[in-house]
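Heads up: the structure comes next, in structure tokens.
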Amino acid sequence: MPETKYTADEMMTVASARMIHNGAVLFVGIGLPSAAANLARLTHAPDTVLIYESGTIGAKPPVLPLSIGDGELSETADAVVSIPEIFAYYLQGGRVDLGFLGAAQIDRFANINTTVIGDYHRPSTRLPGAGGAPEIAASSKEVLITLRHNKRAFVKKLDFVTSGGHMEGGNSRGQLRFPGKGPTAVITDLGILTPDPDTKELTLTSVHPGIAPEKVVENTGWPLKLAANLATTEPPSDNELAVLRDLHARTERAHANGA
Amino acid sequence: MPETKYTADEMMTVASARMIHNGAVLFVGIGLPSAAANLARLTHAPDTVLIYESGTIGAKPPVLPLSIGDGELSETADAVVSIPEIFAYYLQGGRVDLGFLGAAQIDRFANINTTVIGDYHRPSTRLPGAGGAPEIAASSKEVLITLRHNKRAFVKKLDFVTSGGHMEGGNSRGQLRFPGKGPTAVITDLGILTPDPDTKELTLTSVHPGIAPEKVVENTGWPLKLAANLATTEPPSDNELAVLRDLHARTERAHANGA
Amino acid sequence: MAQITTLKQAIQQLVRDGDTVALEGFTHLIPFAAGHEIIRQQRRNLTLIRMTPDLIYDQLIGAGCASKLVFSWGGNPGVGSLHRLRDAVENDWPTPLAIEEHAHAGMAAAYAAGASHLPFGVLRGYLGSDLPKHNPNVKFIECPFTGERLAALPAIRPDVTVIHAQKADRRGNVLIWGVVGVQKEAVMAAKRNIVTVEEIVDHLDAPPNSVVLPSWVIGAVAHVKGGAFPSYAQGYYARNNAFYKAWDPISRERDTFKAWIDRHIMGTNDFEGFRQSLKEAFTHA
Amino acid sequence: MAQITTLKQAIQQLVRDGDTVALEGFTHLIPFAAGHEIIRQQRRNLTLIRMTPDLIYDQLIGAGCASKLVFSWGGNPGVGSLHRLRDAVENDWPTPLAIEEHAHAGMAAAYAAGASHLPFGVLRGYLGSDLPKHNPNVKFIECPFTGERLAALPAIRPDVTVIHAQKADRRGNVLIWGVVGVQKEAVMAAKRNIVTVEEIVDHLDAPPNSVVLPSWVIGAVAHVKGGAFPSYAQGYYARNNAFYKAWDPISRERDTFKAWIDRHIMGTNDFEGFRQSLKEAFTHA
């Protein structure tokens, strides 16, 4: 079988897309989650319903949106509702199967930080903030998280908990009466982590092709546990890669429009 | 001057319509209030904004609607919004100048009953109930009430307070923190009653032409006070009558459509 | 994902004895055909919710389907009383009917809370009214910031909501326009739902920001042309005011009501049959 | 009743130093022209509210108009940080900037409460988040029926809300379509409001149930063609992604930022002048 060349970001996007089952209702963040969601829609999951927090329901954008409310979303949506309605009737309404989030920092229980690195009042890095994430993380039936794997991102303790994952682990999320069951997978450029069924601690369950488990451990800020039956992620298929690259190329052309 | 013949109901409708200043935003109940509001719109107050609780804003119905959500309302409205929105953003939002209500019973402080005559659980007459009235009475900046004048309607004590007027009189409405200032006039087929500025007790301030003040007193279930400067209502003008009769004739023709 | 089916099947599968059922439509798009089918299938012991229980609920109550009514305005609009509703409340005929009574603003807030999956709705409401004295589901809470006293109601969460809409597409996306009332909220608040439609089309051609209920929030879609008669469907047919007026003498006495229900609803197979039967009665009258 | 006027006059009359001002538009229809006019008229000490303070607020903050920011997501969408916002928060340049930080769902509920003239909004929100630790305006209340703990926020009631819309008619009725965000709520929640529009027409020709703000809830309408540039106006022009990318180097340093503001905003009379000046800079670059 001829070896297909692909980047780590492409592997991450493809692995993320595969987590989306056809027909799922997705609440999608901008960036990597949006790329993965659209890749899924254009490959194995054509009936996936994409909801963006701008109120666009069932968006089928021909290119990846640069912002969360681009014209490509509203023009191709089945319905466009107000922001209060998308958050109250749809997200809080318990109608979202899968919330799909990015993050700047994540901890071992899949809590995430998109607010500040460092002290809240004198941060070393000020991030954009919460946006829709805390309620996406709380109210979606399940949550996927995707981010690049390194020690600055995978930390022992978050500087700020923007959005709750499995909180302190075990049943602590349940005790706080979160409506949804929380993060079920974290997809990175090195592998896939899933919460232990009991402790809810993130465990490495799959490494991407060519990635040594040790490398993932080294890039994680806590002593990462490895699954007994650690798998190797199926590499991107030719079709997955072709569709993803075509999507990115179309997007780049569309966004190059001048002043 | 030739005498124009008109009915007591016509006098009541015309007197009600005259209370509406041009440009007022009206929240209109069905029946007499709707007839008066549309008469005002078709005569001296063309810029009056009619809101019906069905969510039709700025309705300009060519005929009187039989129900509160007829097609004539939505087809001629400037905007049609949902029921939650009309009550939350418009009425509770404090945007209504004038609420216009009918009633089955009224007391001396202009509290009204549209729920039951007799005991709540074993009523002698079961009326339709509250509808939008309690919040129209509470949140409109001012309230007009129109009903026919007799002792069964103008009672010493209501069997049921559906919608609060001036409550126990004096400042009792203010103490309950009603947003609007309450009923400012009650228009009947005999005359016009307005609340005393201090006690808020309804006082007869105008009698319709040909009606003796004693007749109004006799038809009121409490010892009705008469204003020192009791006026006589200007009779309907030829134009008011012509427009009102034309409206009723058009309405009757339109509503005669068969099964 | 909406199942496109017949009204008969939808009611069979989704409406059960003892359910809390909301048939909504604010004077416009009242789901009469669905109400008739519930009568035909002889559902019992329903808690019926509706802001304006007009003819449709008078029929359901008189036919013995309901044991409780939650409402905010009960009448035959522009005509008078609902005689079957009154007979049930006052004389327990054909069965006793408990009532829970609200104001429109309260029910609207409670439906919106239901659609939002919040446990309660808040409004500046019921001020000075006797309604809370007879309704333990109206409580008062304080604003945690200003101390203002506000009314709170439990969210309305029907087991089943039934509405009538103008159009669905073949995937089951639903479009409603005109007076849209509280239908979107009632559907989103319910555990199950049924939508009857005037027509099923290839493409909704919905204008931007119109009221579209996406297929995946819909339970069942059934094509019932004219299914809102005698109420109206904007763009399709006008309100049949004559029927509303004719209902008053039909419903005033038990025997005339029973004869009407037996002939026109129990004696017909579906809404098409009902319309046909009504036409024959009119022609031979 | 809406007054149809110029943007300059509308800002002069309706936006005052020290006001709480919301400029809304969720990626779509962002009222850039109005933001520029506030900069030109050198308003000071504003509390700026906006769910997504992107370039428009970076410009207002860098120009020294604001002393506080209420927001839920602050960034240059798809590009990176807002450098002027960060410089104000981290280094008090050009003036100190207090921040009050929320999640989108919280601000949406608080705007809806404002539009409803309720003192507070309720949501199932901020669960497990550190945000309430730094924001005393997030409290928790209990449902009076179920005991569930829910988040409560004070209603947002701006002194002035400014939005951009596609159309107004000559009476001042306003039509918005596409991504409508929180604009209706922001307008209805405010004491005063200004709407800039792409065009003023004889008849709105609004589709049924579209987002129409009636003339009598509108304060001032000003015709500013292209007034949402570099964001977009559906049906009129697309988002200028290149400008969003170009903003990053312009805003990164104080001197390049100041030069840009001086030349293109303070050095021009109105939005038409701004667009012209930008075009010249681009041509001569």
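Order of writing sets the chain letters: A, B, C and D. Residues in each chain are counted from 1.
FYI, a contact is a pair of C-beta atoms (placed from the backbone, for glycine too) under 8 Å apart; a residue touches a chain by one contact, two chains touch by 3 or more.
This is a predicted model, so every value here is computed, not measured.
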Of the pairs B-C and B-D, which shows more C-beta pairs in contact?
B-C
From the C-alpha centre of subunit B to that of subunit C, how far is it in Å?
28
Quick one: report the Å distance separating subunit A from subunit C, using the average Cα coordinate of each chain.
41
Hunt down the residues of subunit D that sit against at least two other chains at once, touch-wise.
112, 117-118, 123-124, 148, 178, 180, 184-185, 208-209, 211, 234
By the touch definition above, subunit A meets two or more other chains at residues 74, 80, 88, 92, 179
If I apply the definition of touch given earlier, which pairs of chains qualify?
A-C, A-D, B-C, B-D, C-D
Over in the complex, which subunit C residues touch subunit B? Could you list them?
26-28, 51-52, 71-75, 77-79, 81, 85-86, 89-90, 101-105, 108-109, 111-112, 123-131, 134, 148-149, 178-182, 184-185, 211, 230, 232, 234, 238-244, 246, 278-279, 282
For the complex, which residues does subunit A have touching subunit C?
23, 25, 49, 57-58, 74, 78-81, 88-89, 92-95, 179
If you look only at subunit B, which of its residues touch subunit C in the complex?
30-31, 53-56, 66-71, 73-75, 80, 82-84, 87-88, 91-92, 111, 115, 120, 122-123, 126, 128-135, 137-139, 160-164, 167, 173, 176-179, 255-259
Can you check the complex and tell me which residues of subunit D touch subunit B?
1, 112, 115-118, 173, 184-185, 188, 206, 208-209, 212-217
Footprint of subunit D on subunit C - complex, ascending:
117-120, 122-124, 139, 141, 143-146, 148, 150, 152, 154, 177-178, 180, 207-211, 234
